[in-house]
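One chain, subunit A, links the two complexes that follow: it is found with subunit B in the first and with subunit C in the second.
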Partner chain A sequence: MSKRILPLALPLVVALAVLVLVPALLQASGSGYLFRVSITAMIFAILAASLNFITGVAGLLSLGHAAFYGIGAYAAALLATQHGVPFLLTIPLAGVAAAIGGVLVALPTMRLVSIYFAVATLGMGEIIHGTLLNWVDFTRGPMGIPAIPSFKVFGLDLSGNLGSYLVVAVVMLASLWVLHRLTHSYYGNALRALREDDQCADSMGIDVVRLKGEVFAIACFFAGVAGALWAHTTGYISPNDFRFGESILVLAMIVVGGLGSLPGAVIGAVLLIVLPEALRPVGDVRMIVVGCVMFFSILLLPKGLFGEVSALNLVRSSFGGGWKAGTARQSIGWR
Partner chain B sequence: MTLSKTIRGVLAGVAAGAAVSMAALPALAQKTIALGYQAPLTGEMSQYGEVFRNSATLAVEQFNKSGKLPGATVVLKFEDSKNDAKEGVNIAKKFVDDPEIVGVLGDFSSTVSMAAAQVYAQAGLPQLSQTASHPDYVKISEWQFRNITTQAYEGPFVAKWALGEGKKKIAVIAIQNDWGQSVVSNFKDAVEKGGGQVTSVEFYNPGNRDFRTILTKVAREKPDAIYLGMFDEDGASLLQQRRQLNVQIPTYATSSLYSPKLIALAGPSSDGLKLSTTFAADSPEPVVKAYVDEYQSRYKAIPTMFAAQAYDATNIMLAAIAKVGPTVDRKTLRDALAQTAGFPGVTGETTFDPQTREPTKQLARMEIKGGQFALVK
Partner chain C sequence: MMAALLEIENLTRRFGGLLAVDRVSGRVEQGELVGLIGPNGAGKTTLFNLISGFTPPSEGTVRFGGETISGLKPWRVARRGLGRTFQNLRIFPNMTVFDNVSVGAIGAVGHSPWRSLFRGGRGESDAKAVSERTWAALERVGLAGQGHELAANLSYGKRKYLEIARALALGPRLLILDEPAAGLNDSETADLASFIRGLHAEGMTVLLVEHDMTLVMGICQRVMVLASGRKIADGTPEHIRRDPAVLEAYLGGDEEDAA
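Right after this comes the complex of A and B.
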């Protein structure tokens, strides 16, 4: 009995910290600024975790992730402002829209590997950004979409600091849980096999094409969810929010945190969102300091702040993963 | 014994000193009124944030010296937004949290200004942007103001000028952003109302520097004139390529091209360009001359139109604070801002419409002659 409860102790601690401890501290501080920084950090945690699923776990270097984030944000914004769809529906629908976009990108690029795939996604990102910018009749182009409603459901107003925080926190925890179950499982093993050598994986009977399509669909779904959260919490979006620079920022998050490591992606996201804010007192050189932190963290910890091996060990020991002691047949793999 | 006496003596001395300084405090007490300024101080748009900071610092120092607000000192709190909406919203929350801040200046681009505006609208903090040109910006709430010539005013001004010079068929080239959209729609309406015709409208994506295809296409339609809605670097590339292609169609432009950098980059190819402007650094008017001299002696550069807009925006804010007095708060400052009328700034007399909060300004006509901007009388 205790063995079944104990593995879930750490997830419970994390959930309690995110849902109770942190909001209580933020509420006590009475600072809307700290709430906002936390919300942005959580949105980027989803985004980084989703890119980590493509680039870290499946090994497909994507340079166009901001585009799917943008599709999600625009889907949510257009549905909410033009059709009055409540946020409980816009968030999953934004994910679906971005997932469809992801599959459409993945299909023609199936046969590309390494740098060729990266450049193809770069091009796709630019195409999608260009579409958001120039399809004026549909997206309002550079005018952006103003007056996106905040979180309101069944007469309950969640648009305040605490309400918005809790909505984003719940969505983030759910997204991370799904990505955790997919990453730390036999399915995740197949993706890692794909990353190490896709021809070898193919010869072992893994359907490489199907997996690549699925990976893109799943990761882009969560990027779209992050976009919907951004649209609802900010109230105004324009194509400028989804430029190439955002893709690179998210990529930097997962590399600094540790490629292939889900906790690393979250740590990287929190670091690269909170650090520039924490460094505001140092003035104009703050972005240089952020650059130095990134440079030295890569130089000294090339596997990231929380590398993949440490992440897998942590998950196996404390997140109900595998390595259960028992008969020989059970001694390896995932729960 | 002696030691404890010494300690006691020291303590007594400290206490007495503290008491004296406490007593002296109220006499020296200067209430601090803070203005937040959010602008891109780093990143690819930092050249704009830099001149905003220069101008605003200058304006506030002059104001504090002038004694227009006895009993209070105005301070500026700058935050760097990197022209990034994420950071812009964070800063907005930070400014709202700060009880000292009664008003906010900025941000630079419409995207960041509008994302931050959602926060200011909700919290009730007046925001005055020196550059946000998006038509919906002031419609967000009663807390948004701007100090910029809107295209609703500038488009008809240039259209009338061109039509008056006999240019009936005009082609338009503009940047694909919210501002470029409003440049085109306002100018087109005015030209068509004045009996002219817009032969074609060409948008280019931000970052594009190759205008040869657009120029060739436009020139083939043989318009009487070309109207440009773009910024200095793009404008310089276009004018150079226009010269290389030997397109000799007279060219008009918005006030955004009024920048010494345009002539520096485009060289002789900029000659003959006609543009409207609210600010002319070589204007003989005493307010403008005083500002340009002071700015130049301090920052070793001639202020651009953007610098002048920030200077005026800061001064409009300060004038509104002075009107209310040292007891100013966010609500009274907003009401005073809404009453701004006939403000004698360096970018011309400025009046805010009390209902729509849209500014109106006087415009001047300029032409580049021999590598110099010259006022057209």
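Right after this comes the complex of A and C.
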């Protein structure tokens, strides 16, 4: 009986926690700072989930993810400040801009593997960061873009703490849902095959080149969406927000959480955003503590806090994947 | 006359000055169980790569089901119905047994991100088709009870069957097995032989590439022999056993070792 309720129960619990419980607690605390931390954590959850799609699931080590985050942020900021485009449009358009950037990066690097691919993405990240910094006429360079409007639509003002939180939460849940469907469907298996042995996947009828392009387009779309949310919620962006360090931070999130694991990516993002803030009382040693947490979590749990295998088992049995306990025919598979 | 399922004609591959495969022609008819043997370095693997699309030929053509496939990418060749296994097991170790085999099924059904996103409609029928094909292949090789297990946790012998199941999930018209008996002991090889015979009896066309002659001579209807990049013999096992060129190629004519 519980097995039948479970497929609906867990997604519902997650949605209620994110949309009702957490904002209620934050509202009760009355702290704008805590709202800010939560919003940042959710934006990085999208970023981590999207990088996990490229690096964890499809196995393409990308060191330039912050660049696509930046493209999204600048696209949203420029559209909103210069053309007065409302956020309901800037968010998807930012995603599209970043996706185009992603495909342009993926096309020439298609044949590269492992560390060579990583270095190519690192170079791309630097090129895009350098462009944001130096194309002053277009991006205002190091001065950044100030006065980016917050969330306002049809006379409805969502620019307050609670409103911003809810907009970001809804976008995050939608993004995670899409990545969840792709990661845990048969499509995800094609991506994992690409990661495990691309030549072998090729000879099983998997169009490896097309997959790589799609993975980059999809993941960069969501990185761009995260960038748009960042631009609209902070009101000011500059190239400094999208440096190599951000790419590495997001990479650390998905490794700590568990490469290939979508819930792991979210846990890693929340941990590495919330922990440094929670440790503010201990002063200057806080980043040392954060470093220790990363170091020891990898040492003790090399597969991550929530590894791929357990994540697949949980999600497929509890998020409507069709998996059931037992070994009988039809206990596993998509339905 | 109907064209052969697989037809290779004057297939040649040069690597620099080396002639790895030299004007090899041959055919595999629908429903046949054919062996391809040859000593180490004879060009078996190169020939295999030429057929499956990993290496483009320098000269010559490969036809599959009457259509030219030489020059096509491996995934296109696979989708036309060529399933294969690898000489050194190439399973996906960090995926479950079910997920491993599903990859072959996905190759046949296709992988559209759009369709896998939504439930209902074509996405759902694709997902069901992948599951069905995967289950059928798992049951055929006797791994249905271990779908949940990580492939890395299977025994060596079972991984061989996992690879075969993955190729079967593709729904191949031709199954090419690359040295499937490598690393197996005598009783495991005997089991494998009867398994391959069973597949053949169900109508599967099989091309068995082997370094060792025992398995091939035991089950194949016809055997092609490759040496130094050339095809030196093509005939029934009885014929091959007595062929002086084959005996010469294998250990300088020692018949006991050859058979």
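By definition in this document, the second predicted complex is superposed on the first by the 319 of 335 C-alpha atoms of A that agree within 3 Å, B and C clash if a C-alpha of one lies under 4 Å from a C-alpha of the other, contacts with A are read in each partner's own complex, and residues count from 1 in each chain.
Simple rule for what comes next: a residue touches a chain if its C-beta (ideal position, glycine included) is under 8 Å from a C-beta of that chain, and two chains touch if they have at least 3 such contacts.
Everything numeric here is computed off the predicted structure, so don't read it as measured data.
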Subunit A superposed: clash or fit between subunit B and subunit C? fit
May I ask for the angle at the C-alpha centre of subunit A between those of subunit B and subunit C, rounded to a multiple of 10 degrees? 140
Tell me the contact category for A:290 with respect to subunit B and subunit C: first, second, both or neither. neither
Which partner does A:280 reach: the first (subunit B), the second (subunit C), both, or neither? first
Can A:189 be said to touch subunit B (first), subunit C (second), both, or neither? second
For A:178, using the defined touch cut-off, is the partner it touches subunit B, subunit C, both, or neither? Pick first, second, both or neither. second
Touching A:238 in the superposition: subunit B (first), subunit C (second), both, neither? first
In the overlay, answer first, second, both or neither for which of subunit B and subunit C A:120 touches. neither
In the superposed arrangement, does A:201 touch subunit B (first), subunit C (second), both or neither? second
Overlay on chain A, subunit C to subunit B nearest C-alpha distance, Å: 33
Complex interface listing, subunit C residues touching subunit A: 52-54, 73-75, 77-79, 84, 86, 90, 92-96, 98-99, 102-109, 111-113, 116-119, 124, 126-128, 130-132, 134-135, 139, 144-148, 150, 166-167, 170
So in the complex, which bits of subunit A are touching subunit B? 30-33, 35-37, 40, 130, 133-134, 136, 141-144, 146-147, 234-238, 240-241, 273, 276-277, 280, 283-284, 286-287
Quick one: which bits of subunit B touch subunit A in the complex? Just the residue numbers, please. 41-43, 79-80, 82, 85-87, 89-90, 93-94, 96-97, 109-111, 114-115, 117-119, 123, 134-136, 140, 176-178, 180-181, 203, 205
In the complex of these two chains, what residues of subunit A are touching subunit C? 178, 181-182, 185-190, 192-193, 196-197, 199-208, 211, 214, 218, 260, 308-309, 312, 320, 322, 327, 329-335
